[in-house]
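Following are the structures in question.
Two complexes, one shared chain (chain A), two partners (chain B, chain C).
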Partner chain A sequence: MREGSQGEPGSPCDPIKGKPMATTTARKPATTAGAALVIRLGAAWHALLAFGLVAAAWALLQARWVQRDGLRLYVAGLILLGAVASVIALVLLLRRDGRGRAISLGLNYIFGVGSLLSLLGVLGLYISLDEVAASFNRWVWLLLGVLVGFLIGSVGDRFTHAPTTQAAFHRAGGWVMGASAIILLLAMGLIQGVIGLLSGLGNPLALVLLSATVLFGLFFWLMLRPQIAVAFGAGERDAEAVSGFLFIAPNLLGFMLFFAGPLLFSLYLSFTNSDSFTAEFVGLRNYIEIFSLQFAQVPPGQRSGAVLSSGYIELVRLGDFVVGAKDRIFWIALWNTIVYCFWVTMLSVVPALLVATILNSKIPGMQFFRAIYFIPSIAGVVGVAVIWKWLYNSNIGFLNYGINQVLGLFNRLPFVEIAPVQIAWLASQQTALASIIIMAAWQLLGFNTILFLAGLQGIPGEIYEAATIDGASNLQRFRYMTLPLLAPTTFFVVTTTLITTLQVFSEPFVMTPPPGGGPNNSTMTAVLYLYQRGFNRFEQGYAAAVAWVVFLFIFAVTLVQFRLQRRYGDM
Partner chain B sequence: MKRARSYQTQKWLTYIAAYAVLTMFGLLIIFPFMFMFFTSFKASGDVFRSPPQLLPYSVQTASVNGETVPLYRVETPEGLRTLALVDQGALLVIFASVDDPSRTFERAPRDAKPVGGFTAQEQITVDGETKLLWEIEEGGQTLPVFELSRGRMGVFVDPDDPQVTFDASLTDATPVERIDLQIQNYQRVLELQNIDRSLTNTMLVTILVVIGQVVTSVLGGYAFARLRFPGRDSLFVVYLGTIMIPFVVLIIPMYQLMVIVGWVDRIAALVMPWIFTAYGTFLMRQFFISIPKDLEEAALMDGASRLRILWQIFVPLAGPAIATQATFTFLYAWNSFVWPLIVINTGNFGNQVLTLSLMVLQGRAAESPNLVMAGTTIAVSVPLLIFVLAQRYFVEGIATTGIK
Partner chain C sequence: MQRMQRRFSWISLIAILTLALAACGGGTTAQPTTAPAPTEASAATEAPAPTEAAAATEAPVAMDEVALRWRTRPDNQAEIDVYSQISSEIDAQLDNISLTYEPGGSETSSYQDVLKTELSAGTAPDVFWIPGTDIADFATRGLILDLRDLADADYNDSDFYPGPMFHLTFNPETGMTGETLWGLPRDVSTFALYLNNDLIEQAGAEDPRVLAANGEWTWDKFLETAIAVNNLGGDVKGFGMNAWWANPGLFINSAGGGFFNEDRTACALDSDASVAGMEFASRLYNEFGVAVPYGEDSEPPFLAGNVGMFLNGRWATPGTRASAEFDWDVVDVPIGPGGARSWLFWGAYVVNANTAHPEEAWQLVRALTTAETQSKIAELGANIPSRVSDAAIQAFLTYTPPANNQAFINNLANDPAIEGPLWAGSWPEFDAATGSKFTALLNGDLTLEDYQATVCEEANQAFDQ
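Up next, the complex of A and B:
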């Protein structure tokens, strides 16, 4: 398919109008005989592709063995969309329209990557990660070489005054790291693995996918040829656009596959009664069930069950009034989540601001404290929750011990006599949520402190000097200068803390043992409830609806935050 | 002169106050980890001590006639001595006389008879507490008594001279203890739960996710920052918007997707969905946009490809930004719990990650906090080590990305 030299211009084409990408519209595109052949071949390929896609969509719609109706329609729709795009590409290619080339490139790329990924799947690459993990376990000690290389490289950082020595150390460290990584890969059986994968090519499905990959790749490559680009009058900017799409493509495809697609699918699921294998469309039933509330007046001396309709359970009783809900636990979970979110935000943001202010007073050893405060964020929620669970133990836990030690100090004062306490913490309905709140605030405190500290260090010191000369006191400076100047940081800290805490799951799941929820649902949170409905009872349609409600709630909170920020941002 | 000194004093006072607050706060932060670390070295008999003790202690032992026996501090006629307990001895009940509670008697349980028989034993009230009434023989006559406490009469010997024996109540003897690290706890926890496999799984998953995220976000960030293509800016806005969408909404459809693809219980499910990130792409784009354009224009003139420009000009400049993103991703991947919990769900222990193993271990070793803490120490130590090595990127990365 080698093109000859820049031959004479082919038959003149229509002047290309309204092409968004072309910059060289003034010049009529020159087409060689080879380019014309390639374009005709490309058009034929798109005709074939469109036909094949329609057939595939039809086959999928007929396939009764695929149980998921919604998903089947979804995928079939996507395939038909591809077929339509292929027909459009065909027409536009024949009319020498630059958009045809763009669509053709896009289709060939997407389907090429798709068949390559499927080919890898058929060859068993993804599944073989399990074996990779097993042999990694055996050979992991070779990673020590990487560590040694890293250390050699960081020794070089000490020679900032001697650049050649520094570079030598960096290079040596790099070599050691690279060599150990390669040795590790070889030891783990990289070569055998590749051979094993290639031997899977005997499978007919693999062969089909392989040839599809090759064909898509070939036509993609052909359309990218300079001669073809010239034939379509594509210029510098089009080349830039193509590379732009190529660079964003891995990210964008992953985003579509693992984010946008599931997001839409989730919305669909929330209108079904999916149990993860079958799904029936039920309309708004899940949402109605979630939001079913009933307000009623209870005559004195009567039980609330008498006034609530069947299916409704008492949620809360305020004097003569009773509120009933169909899904009582959802409302309890939502309330717990709000309480948790409020207290964790308060307890982790306010002290963090104070500690950060102290840390910012440029005392020696600041870095040391900063590093210490960061440790809980590294340890992760599960590890921390496991530790705190024992600190909360009512008999042997350090928390009760510490409280009693402090009470003991007070008891030394005259006329004070406080009996030692034995708080049940996680085991009691009254204190379980509070226990989790204290732990979560503790974990977020250090992180927020570091965020505030960074914000404080961004405030130039000269501003304070001026204020000091004007006679402002420490407190005045904090109130009228630090706080307003720190507002963007505060906004960021509060928003991230709110969004994180509204999704709380691991803390109650680990600390109040599974299935979780704590004594009398006292630590049931929204996401924990979602998990229970979705994965313990496999009511995934209902759980998806709960997820969307939680999401909209988080969204609303964030929106309010933004509004507040805009209003008070520059106070 | 005087003013200067008072200023100096004030400065010192401020320093002391600041350090006091920072240290207290630091202790508060670090204490749970100290608890974790020391508990992981405790003997199983040492963990349920009340009041609790931070450091791991165990009873000191001596060898007497070839047997290993515990050492106690015992009150002997010659004063307080360190002796070895060779015989636990018989159960011993200390009774107090009903007529005169200060008179106590030590008896074996069978030497006391219940007043009114075992089925309808009489009771008395002493200091507001109801006690059972017993009879014992004392000096040839029966005496009504109640139980004060129980203990054991142990037989102690001098560890240096086993011929010298002493009888003493075990309640009065205090064990001789010293700080002792039970390193075998780590061995035991590896036998109980495959923490080592989970550790390497977590490492592998984290490494793959970090590499994948860095690659895709460097490529995407460069495209957003430098390359003009149709729909770029609206696509970027969509990317920004998705950062706001919580993972909660994706849990169920992603699980179903994994079921369809056949990745439930597979390592692939822990890696593949996580190597694409809108947030990382955004961070990289912000960094690349700050790099002056003249650098690449010269290279473009020379006909260098975009990929080469990215690799030879942008990536070396973006070192700190990439390191920051890598550390963020590392923390996220290492500590992720919800997704592994959902997708590694049929007890396939070979593919578990640390967070899951800890969760299971917590249930299995519910009565051995020392083992649970040993597992937690293993889980926490690797990120901690990396934190010590790459502290700069962690803290400064958070500081720079937090304040956009």
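Up next, the complex of A and C:
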């Protein structure tokens, strides 16, 4: 039974331990004078915080030393959001609304952690971590003392018949362990650290951050007190919610800071002309340029440039009609990505199913072959791409060498004379994408095989036995039993392969000459293109817009797949 | 059990806190005479060196010393060693300056990308090398410092080759040269044809060096030699060049054409002269089939002894010295209808616009471009000193093999086309747009007529509207 479940539903309780409070009820929360004072102080604190945040946002917007306009606006927006939340907390706290306490807890937690992390940064902790790690490596042998202390304590366990001796050993072991740990810390520079900390606190910014950390921590702690929870009529579910949020808070903060935050920032960037140094809001201009297409009729013998508007370049010609695009390369990249995705999925999923079916048989040596097939999956993409690049080399590559050796065998036959070939696998527009597809399919095949193998091994053997008794052939069992029963696995394999292949970057980046995407854009993919726009040309606003288009495309493909799975999953 | 858990939690907390405290002290690895980076230092000097090699060359910073980080792009470990050595020597020479050398990535595309990203994040080095094509991009974005006001009385622009200095002193606001100083050239280089003399002799072709000495090393003779070597059969190819703008550009220049119009404000690749150059290059690939497919790295087959003539710059010399097991040398680039116009490649040391120590950074740039320093680097064989000096050239000629170092000097003196930035446009955009057209033409995916009609279509979008 859970600790908190002892109380009646809805009864106020200790927000941490979840134990019911004896003297209060949810319907009529009693407020002590102390709690009322804390709530009023909390409200005042939020008023002060809101004012401070507005002032900080204003100062940031005025700051000339912050060169990155986009980042400045983004951070100022977040600060203002905090100010609004603080005002809401203030109002709700005064109304004794439980939501005010929740917002207050959240704000104090977030800003408290933020202040603490900033303080550590100002004190130089992050840039010193490498040195601490190096120092730890140098002095780690001192931890042998901890081991010795542990052994001494363990020896004491033998004296179960003499409690005094046993306790003495345990105590001695503890002292040795503690002394070793302290010596290690002293060797690593604990004293210098304390001196550094104290001198660092002489920095006014550090003092401000320290004060902020203490104040945020204090108000967080006050709002967490049982008396305050009672004053807001917090029940068991509230307590559990607070505890739950506290548990996931580190992960949640990390998600907000390193995933959701940059994601939202990239969305903002997509509406700017940011080059990462300056940014001006341009509205939908980037998206309009990406999607600008023009259809026109071209009289025979005339070039498309004569009929397309300025800024449009021929993308594709269909008979007498020409399609022009403002950003021709984006559409080429998108098309290449779709072609790549289709073929890699086909070539890595269908053969994987066949290979898995063979590997699932009880033939001697299958374990070895399973390992062999899986090896390409654990190799790094870049390493594999470099190796394949040399295999594909038209002059000194093994692939052409092998082909010519085979042709040489044919040439030994009478009346046969086939000239040696020198296929420019990666240098020809006709073969470059296909070459990369073959390599990628080869690498993905093993992983997909293992997934199918796991799915096959999950199918009960009795079903096959029953089918065999009923006279089903091998092909019929595969078609009518294996395939339907593998549907969930197939869905997973196809979905993950699609998502992976739609994000292809490393293979064309490594295998084609810098900056990748050649020859003649035949291996340019969507992610490679946005990388080039973002980092070669430093058009990060435009690159962000391309990234969002690619994201929405992948999202739509996955969504369609989910729908299809739901519709046909039971067939 | 619960007590144990609580005790363990407390011990863990104390351990973390004490380790954090130790970190506040900056660890104990620092020497007693060291001090943290100056508090007024900008972000440019705050970040720790990112590579092991950098850490290995990092010198302790005395209390009154200014810490500077600098970076260049070496091609191999030998160059890293030389630059590290030079860093240590300059560190000893310059009073109150402590240097940390950071070798940059060797991939052509990633060096500038990483650098710009670091500049954006405020963690770039104080002084760094960039290729000549990137000077405009960095200068107009305000990423590098105009050093003109810092230039000493004993400094003179004319000490260096005028081609690079035209761009390094160009003022984009007035359109005049000689008004600014974006940096100093680290070195210069030109193209030459690396020869596999064994293959050429085996093919019975005339020695290109003799032809060049007699002024007969023309496109026709070049083609004859390539065909003769190619006819040896098997994997052997007559000619090879890598897929980047300068290689097709050599044929364009030698045909009398060029990438840009006279004031560098529009694409000129569709001019008849430029197209004539590409027509010749295209015939090497598509009509005669004597070249390693364009888009494939020609250096490995050349070093493997499978290519008769390989077009590359001076930077290919150390690799050829180390790997070629055949008789090799270099020769001037062949004479086309417009002459034998090689490129003059260059790159420059520039100063981060956000450095906290511009004067010390300028001192470092000066020290890195002295005749003595350049001579040490040139000895490696990778480049030619950027100072206009007979002594420097005479010294360069002694750095053999190749025996015919004079070919580089000839190409340098023979009105080379200057590798230059686009002050009125985006070089990366121009490069991307034209690169795909070069590839399509040389691989036979585009006719010459279509090439001429479309090559400037996209490329012109790279210029400011």
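Just so it is clear, the second predicted complex is superposed on the first by the 388 of 571 C-alpha atoms of A that agree within 3 Å, B and C clash if a C-alpha of one lies under 4 Å from a C-alpha of the other, contacts with A are read in each partner's own complex, and residues count from 1 in each chain.
The working rule: contacts are C-beta pairs under 8 Å (C-beta built on N, C-alpha and C of every residue); 3 or more make two chains touch, one makes a residue touch a chain.
Keep in mind that what you see is a predicted model, and the values were worked out from it rather than measured.
Of the two partner chains, chain C is the only one that A:Leu120 touches; chain B does not reach it. In the superposed pair of complexes, A:Leu445 makes contact with chain B only, with no contact to chain C. Counting the residues of chain A that each partner touches, chain B and chain C differ, and the larger count belongs to B. Of the two partner chains, chain B is the only one that A:Leu391 touches; chain C does not reach it.
Contacts of A:Pro513 after superposition: both chain B and chain C are touched. Contacts of A:Val132 after superposition on the shared chain: both chain B and chain C are touched. Contacts of A:Ala543 after superposition on the shared chain: chain B is touched, whereas chain C is not. Touch criterion not met for A:Gly34: it reaches neither chain B nor chain C. Of the two partner chains, chain B and chain C are each touched by A:Ser276. With both structures placed on the common chain, the touch criterion links A:Asn521 to chain C but leaves chain B unconnected. Put simply, chain A uses residues 68, 127, 129-130, 132, 134, 136, 276-277, 395-396, 513, 535 to touch chain B in one complex and chain C in the other. For chain A in complex with chain B, the touching residues are 20-21, 68, 71, 121, 126-127, 129-130, 132-134, 136-137, 140, 143, 150, 154, 237, 240-245, 247-248, 250-255, 258-263, 265-266, 269, 274, 276-277, 355, 358-359, 361, 363, 369-384, 386-391, 395-398, 401, 442, 445-447, 450-451, 453-455, 457-458, 488-489, 492-493, 499, 502-503, 505-506, 509-510, 513, 527, 530-531, 534-535, 540, 543-544, 547-548, 550-551, 554-555, 558.
Chain contact summary for the complex, chain C toward chain A: residues 15, 18-30, 36, 46-48, 107-110, 112-113, 116-117, 119-120, 141-143, 234-235, 237, 242-244, 292-297, 300-301, 304, 306-307, 426, 428-429, 432, 435-437, 439-440, 443, 445-446, 453-454, 457-458, 461. Partner chain A is touched in their complex by these residues of chain B: 14-15, 18-19, 21-22, 25-26, 28-33, 35-36, 39, 47-52, 54, 196-197, 200-201, 203-204, 215-217, 219-220, 222-224, 227-230, 232, 235, 239, 242, 244-257, 259-263, 266-268, 271-273, 275-278, 281, 306, 310, 331, 334-335, 337-338, 341-342, 345, 350-351, 354-355, 358-359, 362-363, 369, 372-373, 376, 379-380, 383-384, 387, 389, 391, 394-395, 398-400, 402-404. Interface residues of chain A facing chain C in the complex, by the touch rule stated above, are 68, 120, 123-125, 127-132, 134-136, 138, 181, 185, 187-197, 200, 275-277, 303, 305, 311, 313-314, 328-329, 393-396, 420, 422, 424, 426-430, 432, 512-516, 518-521, 532, 535-538.
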